[in-house]
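Alright, structures below, take your time with them.
One chain, chain A, appears in both complexes that follow, with chain B as partner in the first and chain C in the second.
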Partner chain A sequence: MSVLPHWVSRPVLAAFLVALAIGAVLPPVLRWSVYTQNLVTLTYLFVAAALAWNWLGGYLGQVSFGHSAMFGVGGFVSARLLLALHLPFWLAWIAGGLVAGLYALLWGHPTLRLRGPYFSIATIGVGEATRLILTYWEGLTGGSSGLSLPIEANLKQTLYFWGLGLMGIVAAASYAMRKSSFGLGLLAIKSDVDAAADVGIAPTFMQDLVLFLSGLAVGITGAFYASYFSFIEPGDMFGFDRSISFVLMAVIGGVGTIVGPALGAVVFVMLRQFLIGSYPQLYLGLYGFLLIVVILFEPLGMVGLFFRIARRTGLVRPELEATLEAKAAPGGAVGEGRTGGME
Partner chain B sequence: MQRFAELLVAAVLLAGLYATMAYGLGLIYGVLRVVNLNHGGVIMAGAYLGWVLHEKLGIDPYVSIPLVVVASFLIGIVVYRGLVRHLPRGAAGAVQSLLLLFGVWLVLRNAAYLLFTGNDQTIRTPYSTESVRAMGISLSVNRLAVFGIAVLTLVLLHLFLTRTFTGKAIRAVAQNPDSCTLVGVDVERIYTLTFGLGSALAGLAGLLGATLFSFSPSFGSVELLKSFVIVVLGGLGSVMGTAAAALVLAVVEVFAILLLPAYLTAAVGFVLLVLVLVFRPGGLFGQRVLG
Partner chain C sequence: MTPILRTESVSKRFGGLKAVDAVDVSLAPGEILGVIGPNGAGKTTLFSLIAGSIPPTSGRVLLEDRVISGLSAHRAVRAGVVRTHQIVRPFQNLTVLENVMVGAIYGKVHPRRARERALEMLQFCGLRDRASQLPGGLTLSGRKRLELARALATEPRVLLLDEVIAGVNPVEAQQMALLIRSVREQRGLSIILIEHVMPAVMSLSDRVVVLDAGKKIAEGKPEAVVKDPRVIAAYLGESASTAPPEPASAAASISTPPTNPTPSSTSIPKKKGPGGGS
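On to the complex of A and B.
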């Protein structure tokens, strides 16, 4: 007898709740400086964004180079709502996220039907077109000078906990989306759309739903970002760098896995903080280099590396690892590509 | 009417450059089924190489064409032999090669920032501002030269692909690599050559573009997307198709200036890319991609 769905593992649930509780009591216990707390909040934010990107890019295998579009739309819509209607910020975030999700559906519904790399290519166009058009649309974004939100006392203290909660919800959704039968359907679609449709999965509906949810979550993180920094401008929100940061976090951590993008986001934010301080001109190239190394040697990123080490030391049963790798590898079942040779 | 004619001529001249840069991307995709996201990186590298040769050694950009072409050919070979070759082919490799080549592009871009800073650069020659008048329309000498070189390149490429053994082998590998292996074509060698050739075209396009426009390390990203639009529109393998698609894009862009504020004309290419992928995917690289 259990109120939990059968796919929820009790140890994982316990670990998750403990981690959230630790996150909630850390700032008062450790007396973090403002700098540290900012960094940790930012990490929560990007963990949420990378996980949400991974729903589409990892679970469905449709790599998006244009998620900055939803990040920016969510940010600016919620900022406008905060300025015009003085809504509570969480309500503005949800509204911004919904608009971002609908915007994702608007361009994504037709382009998700494209096979292979064409979706990715279309997303580059979507991201850049959105940046240019919304920078021009001053009524929404304030043009290149951006928007300022009123600064409230102690807002950042409050937002730390909201960030933790947001990350918790997105992480729980990532777990549910992978472990439930819905996740099984996504795996089937990623491996073979036609075969999935043959066995009674509705690929169009499921792809659209995942895209909408991914856009919604990334839109909310964009709205959070706007509230947190009290100032946003289109070049930063919609930039191509923003889009690729989501890709990099997920790929470095382990695309398609549940925890990979979160690990990748932590590394990304820390590395970025360090590099921006010391070598501001080097960090994009370093990410490029990391991307090359990961794809060539460990397509499952840090998670793959972990399994490699675990295998050497005999911590993980090989068959468990094999199933995980085949499911998560970018572009579908791994074995197919290696043995398939030239088509 | 005068303005219309001027814009039309400008579009035609621009189309030559567009066709050159798009053909390299289409060639690599058609033969290897790899989307070369590093295309933009090589375009940028070609521009800077031409700039360095002109600025430091005083070599005229048009004289440095062979040097730049050879250098970008070598970049392509190194990228293929060193990186792309090790990825699985087919569906599994598609996303991986996309990310890998994207990584190469980031590295190249960052290298350019380190070497040349992020400032805009231009290649200025004594004849940069020269123009000739024909039928009441003034034509920039530079643009005419770029157009001429682009057309010449495409004609040579067409002859190479249809008349020589190697060219025919490239086209055969695009159709069926397994059969090519059976009849004794070294498929791996053809792949290497094709990747080099595609890169060489990108480098040439970068150099030609640099004689017309200012550029910075992020030069190439817009060009990459425009190349996609053209390849998507024109289909693969046919020089004529590529040229026609390049003309369509150039005309749409140039005439958008009449309707849209200047700032937004840059978005036209991107919007067109998405629209073409959505409504005309059948023309994509000469094959159907929609289920």
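On to the complex of A and C.
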């Protein structure tokens, strides 16, 4: 019999493994320049971060504007461990991620009973408070002058593969979390917390767990970021625009969907690379504009766009599309007429 | 017979309001117990106390010998008590089948068997052909049956049904009554039923408890309870209770003296009559 859980689709698994294999052989085959390889590694990193943000923001519908806190905590804790104990970097990443996850639980356990905009507002406060406190906590972060890590030869070559692996793990976790019966519970909580509790779901435990995992994964990406650039400072790690970037990546790609945030992260990194060179003052404004356009015209972002095209060409059954859209919808709110015309 | 579920002097106070005031209710295994009372009598609050949605201010709820009051809602479900909602609350973002699967998975069914179990429940509740739809496309009656299927999928021992009949058309009401009866007959569940539709309560319930202003004012066989002067008074006002029970509602409306417009008159029948509903 199958060793795989029943919710794993074989074509998806095959495509996933092929994609990882292609990612692994690309740099030697294409003889990428350092610049290109940097860009691709950075993309992997932000794909992982956006997917992990989506566990909380998309699957549970609890939109966080404070994920820079975990990104930064993961980065600084792992950097300090690398400097003090000379741990292998992967061990320092895991330690940094765990501290970030626990930090997320610390503020998340009380605030997760808030829902919707109230939770989001609380996370803005958490993000900013964390930024201020850690900027002044020079013992950990080195204050505004930041921390420098020793530069090793060929580190970036090695980290490319670690970045690919990290993205692979987070993507697999995203798929598992959404497709397994755990994911059904998350979607039920997103739709109606009290009704979910009344059919046996423990909402507090589930939400805490998801926030912990999301904080852990984002903390590890922060730690990776620190290792990769060998220099970090609090303004960059904890900045509000860092938190916003996670939200933007998910929203541009399709919040609440499995692949959306990954697509969004690719677009985000490419766009940023292009714009920050040509229009350094303009690029944040352009993101704002993009965000408004997406929310107004295609709330499911690039995935929604794909559905729109698929509907025209008859690729996806309308019924399947409606149920997928409903699952991604924020707060589970969908129009009554969504299933109309199906009889 | 020892009761499967009982409340011992359970109370809930919201600020100065005693929503439920020292109510003792017991439910025998396999029994259908009707809970009636005017609007605001505390029926739904009583359900919330039993199902763990809110903790009681005092008193306790026992499932056989186990105290379940104070347990959170999801623990009460694991213990075997599940409720439905007066205003239906399907998970709008999940299909009908997935809604019921959630009940199965987070109740007591192994995830591997959840789908099978959920389909069985949908079949039982007449929603099998709607499995892949979103609940938004169901009629009110359909959504009420979905609420029932989702609750049943958790494999409860005690089922709390909050107005699953009210608001649907007479034919659907008939079907729902049959469904509730077969829940008891085929699945051996014990049921507490809040209902405003009197004919349904009268025909379904083995026993009826009447609540008014948070207190239990009567209990007994349905036909006896509706003749109880205190019950008539609760529904129609004080003076009606002195009139003979049969033409009670007529007497109530006539006995309001048009010459006495002061609000001190106790006989203004502004509450829903026992014959009202469907």
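Details
Everything that follows uses one rule, which is that the second predicted complex is superposed on the first by the 335 of 343 C-alpha atoms of A that agree within 3 Å, B and C clash if a C-alpha of one lies under 4 Å from a C-alpha of the other, contacts with A are read in each partner's own complex, and residues count from 1 in each chain.
One rule holds in what follows: a residue touches a chain if its C-beta (ideal position, glycine included) is under 8 Å from a C-beta of that chain, and two chains touch if they have at least 3 such contacts.
Keep in mind it's a predicted model, so treat the numbers as computed, not measured.
With the C-alpha superposition on chain A as described, chain C and chain B fit side by side in the combined arrangement. Once chain A of one complex is fitted onto chain A of the other, the partner contacts of A:181 are limited to chain C, with no touch recorded for chain B. In the superposition on chain A, A:120 makes contact with chain B only, while chain C stays out of contact range. In the overlay built on the shared chain, the residue A:194 is in contact with chain B and with chain C. Looking at the shared chain after the overlay, A:272 reaches neither chain B nor chain C. When the two complexes are overlaid on their common chain A, residue A:308 makes contact with neither chain B nor chain C. Contact with chain C, but none with chain B, is seen for A:6 once the two complexes are overlaid on the shared chain. Counting residues of chain A touched by each partner, chain B versus chain C, the larger count belongs to B. The overlay of the two complexes leaves chain B and chain C separated by a minimum Cα distance of 10 Å. Residues 194, 329, 332-334, 336-338, 340, 342 of chain A contact both chain B in one complex and chain C in the other.
On chain A, the positions that touch chain C within their shared complex are 6, 180-181, 184-185, 187-188, 190-192, 194-203, 319, 322-323, 326-327, 329, 332-340, 342. Within the complex, the chain A residues that touch chain B are 61, 63, 65, 107, 110-111, 113-118, 120-122, 124-126, 128-129, 132-133, 135-136, 193-194, 240, 244, 247, 251, 281-282, 284-292, 295-296, 299, 329-334, 336-338, 340-343.
Residues 33, 35, 83, 86-96, 98-100, 102-107, 109-111, 113-114, 177-178, 187, 221-222, 224-225, 228, 261, 263-264, 266-267, 269-271, 273-274, 277-278, 281, 284, 289-291 of chain B touch chain A in their complex. Residue ranges of chain C in contact with chain A, taken from their complex: 51, 53, 72-74, 77-78, 82-83, 85, 89-95, 98, 101-103, 105-107, 111-112, 114, 132-134, 136-137, 150-151, 153-154.
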